[in-house]
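Order of writing sets the labels: A, B and C. Residues in every chain begin at 1.
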């Protein structure tokens, strides 16, 4: 293995932008499936292809990181960003597979709202990470992080509202078991977006 | 951002003591709500205020950490302590909200016992962290860590006992779903206390 | 505390081999209990003894790590390996206790298959870690990591298959709650094995 002695900072940003592009398509695909209520074999296959692209770019980032002396920001932060960004796709993919396993082929209003929140959070993430190239104007980046926190809060409220409704409506226990898991999984996706926003914020402070 | 060149070790200890004071009031509030069986809007509002105070002090610690060259112990350990201490409050706050969502406005003996264990564990945590200022007598600190491990073990047994009872009593599935989640959440709070005790122990070994 | 200035690399490898030997006996014991359907007091006592041995060796590794200047690979990687290897035993032990709590004293075909996958993954882990002593031939080690990934994939499919069956067979909700948790726990054990394989891979890349 040859260590690269020339700082190749730009490379990491390029890779992160490729990664957020993949996450953006995962979120778009997930929203489409939620609106159509089509969590079937075909829908899963579409997500699987995206998930595989996500794995490859993550692997490339981690691989480059292990071989690089000089990085644009802390090694652990790069590793954490790559890993958590990939996690967003994994959670969405797992949700898709779980919906099919539970035969929940319906356009559920709660799921559609979750899919919209996830898409918005992923959009803000992509913006924040794009602008990490130039940290001279941290306020622009922080604005996106604050928006992600707001969306995560909305996700918490949405989860409580849809799960509360399940119980209040007297849904049968098997239905409760299935949808409670799905809704909590969808909310977890927003938690991960918030975790990523926190990493971005801490990068800004350290560069400050 | 100006880096402070003067070691401000005492600052971190002051902040940690402020943080454990907030956790102590969270645990006290939680026990009170459990005894009264009052997981209603008013109870949640009391916890929300405490949770917000917790967020602020955690943010201050992380912020100071990112700006400081010299720290009284490993940066990661400070970060981990601040984060996990805040986690104790988050779990207790989440439990409170979940109790209301599930309309479990009862003084449940199992929950009261959990609240007592959490209060005791938080007390021992506060003592251990207070005494980290002076690590010349590690045995005094370790005694608190051992006590926390004991309380966590009791929490494990309590969880198994109350969940086992749910099933043995033939509770209806919806009741099982609700209380099983609540009891497991309460036990998680003690797990986090044990994690913090482990961080304290590893700090002692490194300073040893 | 006296810091050791002589590199004692071999020590860590000896300890890791002791640790994987304990995990191997945990996996063997778990498979035996699964085949016999004997998740009773006696079975739990056998697992408890193994779990305690695991705790002791983990404690010894972490303790040595905190006192050592020179380590055969990154400190965090050693810490992570020791911690996650111990986690494998903890999950298996927790599963055993949970089976008894739920009075699931049956030889369940799904559980037996999980126990076999866990045993195979643990075998590959032990081989990979044994061969970390000499990283001149990384391909030999990577072969084991790939095998662990394969087993984890099989675990995912097995979990989906057995949980899907629970719902399709119209099992009663209480049965679903119990077995769903058990099957997911068993799969988590394979996830942890995969996490460990990833740590091993990253060690190889850094040494490359």
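Keep this in mind: a contact is a pair of C-beta atoms (placed from the backbone, for glycine too) under 8 Å apart; a residue touches a chain by one contact, two chains touch by 3 or more.
Treat the numbers as computed from the prediction; the structure is a model and nothing was measured.
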item	value
Numbering shared by both copies at the subunit C-subunit B contact, with half separating same from different	different
Superposition of subunit A upon subunit C: rotation angle, C-alpha, nearest 5 degrees	120
Distance from subunit C to subunit B - Cα centre to Cα centre, in angstrom	28
Contacts with 2+ other chains: residues of subunit C	173, 177
List of subunit A residues in touch with subunit B within their complex	160, 163-164, 167, 173, 176-177, 180, 202, 205-206, 208
List of subunit A residues in touch with subunit C within their complex	1, 62-63, 66-67, 97, 101-103, 172-174, 177-178
